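These notes open a run of structures that come right after.
You will see two complexes here that share chain A, one where it goes with chain B and one where it goes with chain C.
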Partner chain A sequence: MGDITAPDLSLAALAPLLFVFGAACVGVLVEAFGPRGNRQPVQLAVALVGTLGGLVSVLLLAGRGEVTAGGALAVDGAALFLQAVIAGLGALSILLFAERALDPARSAFVTSAAVPVGSPRDREQAMSPRVQTEVYPLATFAIGGMMLFAASNDLLIMFVALEVLSLPLYLISGMARRRRLLSQEAAVKYFLLGAFASGFFLYGLALVYGATGSIRLSDVRAYAAVGGADVLLVLGLALLVVGLMFKASVAPFHTWTPDVYQGAPTPVTAFMAACTKVAAFAAVLRLLYVAFGTSEWTWRPLVYGIAIVSMVVGAVLGLTQTDLKRMLAYSSIAHAGFLLVGVIALGAGSDGGGSGLSSTMFYLLAYGLTTLGAFAVLTLVRDGDGEATHLSQWAGLAQRSPLTAAIMGIFLLALAGIPLTSGFTGKFAVFRAAIEDGAWPLVLVAVLASAVAAFFYVRVIVLMYFSAPAEEGPTVGVPGLPTTIALAVTVTATLVLGVAPGPVLDLAQRAAIFVG
Partner chain B sequence: MAEAAPAEGLAAAAWLLIALPMAGAAVLLLAGRRADRWGHLLGCATVLAAFLLGVLITVDVAGLPERSAAVELFTFIATGSLDVRAGLLVDPLSLAFVLLITGVGSLIHVYSVGYMAHDPGRRRFFGYLNLFVAAMLLLVLGDSFVALYVGWEGVGLASYLLIAFWYRRPAAATAAKKAFIMNRVGDVGLALAIFVMFAQLGTTSFEGVFGSVEALAGGTLTALGLLLLLGACGKSGQFPLQSWLPDAMEGPTPVSALIHAATMVTAGVYLIARAAPIYDQTPTARAAVLAVGALTLMIGAIAGCAYDDIKKVLAWSTVSQIGYMFLAVGLGPVGYAAGLAHLLTHGFFKAGLFLGAGSVMHAMGDQVDMRRFGGLARKVPITFVTFGLGYLALIGFPFLSGYFTKDAIIEAALDRGDTWGLVLGGVAILGAGLTAFYMTRLMLLTFAGKARWTDDQHPHESPPVMTVPMILLAVGSVGAGFVLVSVAPLADWLEPVFGEPAEPEHVIAPALVAAVVTAVAAAGVVAAWLFVGRREVPLTAPARVSPVTRAARNALYADTVNESLFMRPGQWLTRALVWVDNRGVDGAVNGLAAAFGGSSSRLGRAQTGFVRTYALGMLGGAVVVAGALLAVTAG
Partner chain C sequence: MTLTWYLVLAAILFTIGAAGVLVRRNAIVVFMCVELMLNSVNLTLVTFARATGTLDGQVMAFFVMVVAAAEVVVGLAIIMSIYRTRRSASVDDANLLKY
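Right after this comes the complex of A and B.
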């Protein structure tokens, strides 16, 4: 070992991360010292400044490609694109957190999550006008962790980022104001299984270090290029993949997804479905492409198989769901499979094509926006017991609120991949990249799976438009400004990316660069 | 196929053809109740304007040397190697469809003003109808398979919305779902064909694909042809996906006339005709088209003999007639023009028949059971005459439309000269006899004999807004065949698309063929008179009937086959997967727990949601992943 030298730090390249983490720290201080009365607007402002500031600074960095912080971080096209997506989706999620007009209790979050359910204090706090504000810094930390995840060029940093993004999520999934037991159960499940998955990741990291003597992705790549098939290295890769696939809710590591998506407060579900998915795939892409890009034929059959399992499980099990949140959870599992179809096509990147990477990034953006919007619509339809997520309660919604039904219809069509929506463009790009790479049997399965999945999306549309409304059905709330903004942005993006996706596809193409 | 020059003049405005009805649909569907009073007029006006524009463009393009023009619209995706442009192709084939869609479409729009006059959802109805016209025009005008696919999905959506228009009737909702699912099966075929084109050729434009067809391997071409055929079968209600079309009659009758008789269901014929350069290279796929056509024309004709619902008989007749068109385009270059001519004349007379059926239903208070009709000829004289002309045209009465175009198909089949030609020609002639039988039966049950009405029915003739379109379509039914075969031959007009019409070498003299077909049809008419016309018609269908009749009443058990082949296994698969997810994995855990001395109290409980189950699942997955990777590396 030589002398310890201070690592080079390019502050400019780190600006997005500093912005977001800084805002999160400020949020903690506000929580500790700020006056209780107007904490909510202050926290909202801090979180929005943090995420939007992060977004702007990412945009200012566009075109950069460097490795910094002693080689631990890679600030390259792919990282910046995905960081921008995470920051943008994160800001929209925070808007959903801030919605106060829908729930009579003025927030989707419980004031003190630690109070036992059903106790006198619980009834007391159900009456109290106070709102939970700790969720803002927690979510901001998670967003920061996700952005770090996307840029990590080092397995250890990747692990730290994984934990930074996961821990706040475990907490805020348990903070639902209504159906608190379900929410707490979800949080505990998510935590236990998340810890289990982190264990896999960490063990994989150790094995890779054991095999290569380095945790730097580029070193692993160099070792794999010459070393070839080392049992330790291959086992390490397997365990790392398992850890990441858990976060990306890819079957067979999806088991937590339906329960947690259903139990968590809906704005948090939206946040997880959109941002966590992007972050997890950012790490998957970086790991498979940068560290194991030369041993493509080792992981390719595996990812092939996992993609098929995930698409089939998501599409088929989605058919039998009667709860909309669970249905969207299975949809998320199926979409993870579709994303892996794009990951497969990374192999096409060597001869300058790179269409697998760019189409996967585009798909992440399109899917994130759509799913976030779909969950946002779920927060609008309510009955006396909170959100009405049972399928039967949505019957005839179009007659109660044509606008809500139309917006939900657009999101569902996009999730189904119908032309002129972003979902079609994304699927089209991903499938095409895979076909170019010769993976047409996989695309065949993917097309069949999306045909099956289309059935359950369209079933909701049919229910909304062609069924008689139920007696004493749910009401459709009028959202306040934050949710309105989030819905407007997501609907517009879903349509624009479907009709004129050219510029964004172009951008993704240009950003499809990994350094490191 | 001739390369189309960039459009100049009027042809450059071809995008307006699509934009007009699309704008109409947007206004009607978004304006809400404010548009209730004038919405239907706007709906008619946009389609009528599109028709006039279509006529002008046709005249304009007819003067060009190649009779075709390409219209560049916009670039959908152009990044790296991915390049999808949207454009229109105005050529004789697409123009023939444009005129049919907007012409018949205008008449049906006008008719609907009267037919839907008392329906509270009339504005919504016209909105959907306009949406359909726009999507259908995109389908036929698009210059690539992707544009065609967008239109294809659009007409599917509009058809779905319109079948379920009276969505409060459970039958309508079920029928819509059935149509949707069967169409999805076909759509997957089309989508896969497009992906194959992308993978093999890197383009989906007609020009690009047809230009490089010869570079493709034979197997790929056959696969392409079969996948396209699957798509065509779904949309056109051909075997094995035929059973949605009769159920689709739950929609309002003008919809049945426009979408499920004259235009949308013929999209499959368009697709196969458009993809002629592909089929020219692959005899296998072409033989499959022939087989599908011949089989379906018989299935449709047999089922048509047994139904008592006037619209379902007409629907099965549509299935059967489209079978004729498939047979024609499956014959190759000798059949394209004949098939398309039959498609156009069928558009006239079948639309006229449906509008007539709608007029009868209008008169009889929405009754569709023909056993409750009878003796209507004098009560609704205009409907009777127009319907009768459509009927004569359909059964091939000499010198009316069907006589020319159906005979041309039968002749083309016989002209193959081999055994298959004789078989196909024979099937087509037999089908003509059955057609005459079931249509005569329909006429006799509806218009002749004694009145078998229920007490509350007081038949009356429809208002002029409905009868005028029927009269115009009847004129078309009478004259279109003669015009398309002799005055302005369609084969010559289509020459830039399909090449010069070959001089037919007749194996059997056309006059003889015509005589035989007419004789067989006459036999069908006489048989119908013997079985139906001279007897008392029972008010309910007799229960004790021969197995043949029972099979025909059940549409040759197509639904049963579909259910047992696809639906049940699908349901079973879903249930099995759910069971594995809920119980199988859980059960294994419980079994392990019991074996290790743990509690077995939970054995048999069908509860999921236990973290340990999930963790075991993940562990299992991880072991499989690690094992697979090691196996791959070792192997």
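Right after this comes the complex of A and C.
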């Protein structure tokens, strides 16, 4: 029996993760022992310190490329770039969670999620000014899981990170203060389908382990390079991809997306749409590039097919929606398809990270900021029953609040991919990478899908500017400081990344390195 | 006795679980089917650990058990909260969100 050697552990490289998970643990302690009166500001401060501290420590690590924790984590350019994106978007989402000025009940979250809907206690708590603060540590845990997901160099760590990010999300999507039945239903659907998908991921893990005798991505790569067509390995890869595509809400694994995006509290929807998408694609990129980069023929046809399905489903079903949250959910499915166009181009630049990787990373940053901003605008437009998300209620919004309509207009144009917004830069970069890789039929479908999708974004703009406002229309709330900051950051980023994307594109180009 | 039979058994269990998730109506039963899928994965992992002569697979099975336990906590909490409201755990009754 040999001696047990301790795995190498570079604490510096783990600092971002330690920061975020540490803040989440402190948040749990505050929840248990802190006085109820000032929990909200304390929890907000802890969560922001954690995520922003994570962001700063990622930036300090820039340029590093190492494998640590006994080979389980890869801290490389791509991981650090995407971790920074997740931490930044996470901090912005936490600001949205903390908004107290918009809802008369001072929070988007129910005081006690365990109280049955419609009971006398529920009516009592609906009007009570107490705010619930459990969402902050839960969201911080989810952010930590997403950052771990982006850096995992080992299928088991990937699975654990997947669950660490998913379990808090299941809970917080069921915690809306208003329309609680919808929110609970969203949580049940998300949970059951999410657990189903992680079962597939896990079975894929087991098959890859059986085929290669290892779950380290680099070992899988080495095996795949010489092993050739191994049924177990290819089957395992397919199951892993199914599990990840579910999280990334790619059609045909998207069925949960519209329901959950609609039912969850809007700040949580913003969080899921932005951060979960980035984390899921971070894992997809790492799995396909590091583990299966040498056996591209196994996954290219699969990804090619689901990219097309996702773009078409997102664009076409988005046309038929009458609820803005659902419409943005289908938009998120279409964007997942566009991101897969970049994933297809992964192999374009042979070694050293093709332009597919860097353009996908840029697209994730641009899309995350824009979609977060768009959902933040949705929290502003309200009627007596909470947020007014039906399309007809947005008629003539520009006359009620020109500023809100203008901001929403910018986000919608960016989602449609109109020049001078970040959406255009991202789409252009991704499509160019795919054409360089010879995938022009896919780009053709993507451009057509963009054109179809542009119709439903522009329809909202036309409705806001050129329709008469309804008599009993919604009011536009005046946001407090947190939402104002989040909106200012996202609008600025959407415009800056559209007008002068050069520095960030360069940064993504330089960061597009995988070790492992 | 070859190890193949264990793998076949695990695959059958996984298929039963996956089919159960798709056809059963009660949220608790659906959830039990998910657990069946996870446990069939455990069987696969342990079998492969034996086949490859490494301990990794057995350790992974422990990870899966821990994660499954965490999932039970969260899942049952969510299912309980919706049951207390609707007096039903049927996934067909949860039909407010559509189209």
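Just so we're on the same page, the second predicted complex is superposed on the first by the 510 of 516 C-alpha atoms of A that agree within 3 Å, B and C clash if a C-alpha of one lies under 4 Å from a C-alpha of the other, contacts with A are read in each partner's own complex, and residues count from 1 in each chain.
Note that in this section a residue touches a chain if its C-beta (ideal position, glycine included) is under 8 Å from a C-beta of that chain, and two chains touch if they have at least 3 such contacts.
Predicted model, so just to flag it, every value in this text is computed and none were measured.
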Among the partners chain B and chain C, which is in contact with a greater number of residues of chain A?
-> B
Where does A:Leu156 make contact in the superposed view: on chain B (first), on chain C (second), on both, or on neither?
-> second
State whether A:Leu102 touches chain B only (first), chain C only (second), both chains, or neither.
-> neither
Check whether A:Ala87 is in contact with chain B, with chain C, with both or with neither, and answer first, second, both or neither.
-> neither
Once the shared chain is lined up, is A:Ala414 touching chain B (first), chain C (second), both, or neither of them?
-> neither
In the superposed arrangement, which partner chain does A:Val458 touch: chain B (first), chain C (second), both, or neither?
-> first
What is the contact status of A:Phe196 with respect to chain B (first) and chain C (second): first, second, both, or neither?
-> both
With the two structures laid over each other on chain A, which partner does A:Thr255 touch: chain B (first), chain C (second), both, or neither?
-> first
Look at A:Ala291 in the shared chain and tell me whether it touches chain B only, chain C only, both, or neither; answer first, second, both or neither.
-> neither
Go through chain A and flag every residue that touches chain B in one model and chain C in the other.
-> 185, 188-189, 192, 196, 259, 320
Of all residues in chain C, which touch chain A in the complex?
-> 7, 14, 17-18, 21, 27, 30-31, 34, 37-38, 40-41, 44-45, 47-48, 51-52, 54, 56-57, 60, 63-64, 67, 70-71, 74-75, 77-79, 81-82, 84-86, 91, 94, 96-99
Spell out the residues on chain A that touch chain B in their complex, using ranges where they run on.
-> 185, 188-189, 192-193, 196-197, 200, 229, 231, 234-235, 237-239, 241-242, 246, 252-253, 255-256, 259, 297-299, 301-302, 305-306, 313, 316-317, 319-320, 353, 355, 358, 418-420, 425, 428-429, 431-432, 435-436, 440, 443-444, 447-448, 451, 454-455, 458, 462, 465-468, 500-502, 505-506, 508-509
Report the residues of chain B in contact with chain A in the complex, numbered from low to high.
-> 74-82, 149-150, 153, 164, 167-168, 173, 176-177, 180-181, 184, 187-188, 191-192, 195, 198-199, 573-574, 577-578, 581, 609, 611, 613-615, 617-618, 620-622, 624-626, 628-630, 632-634
Within the complex, which stretch of chain A touches chain C?
-> 113-114, 116-118, 156, 159-160, 163, 167, 170-171, 174, 180-182, 184-189, 191-192, 195-196, 199, 202-203, 205-207, 209-210, 213-215, 258-259, 262-263, 320-321, 326
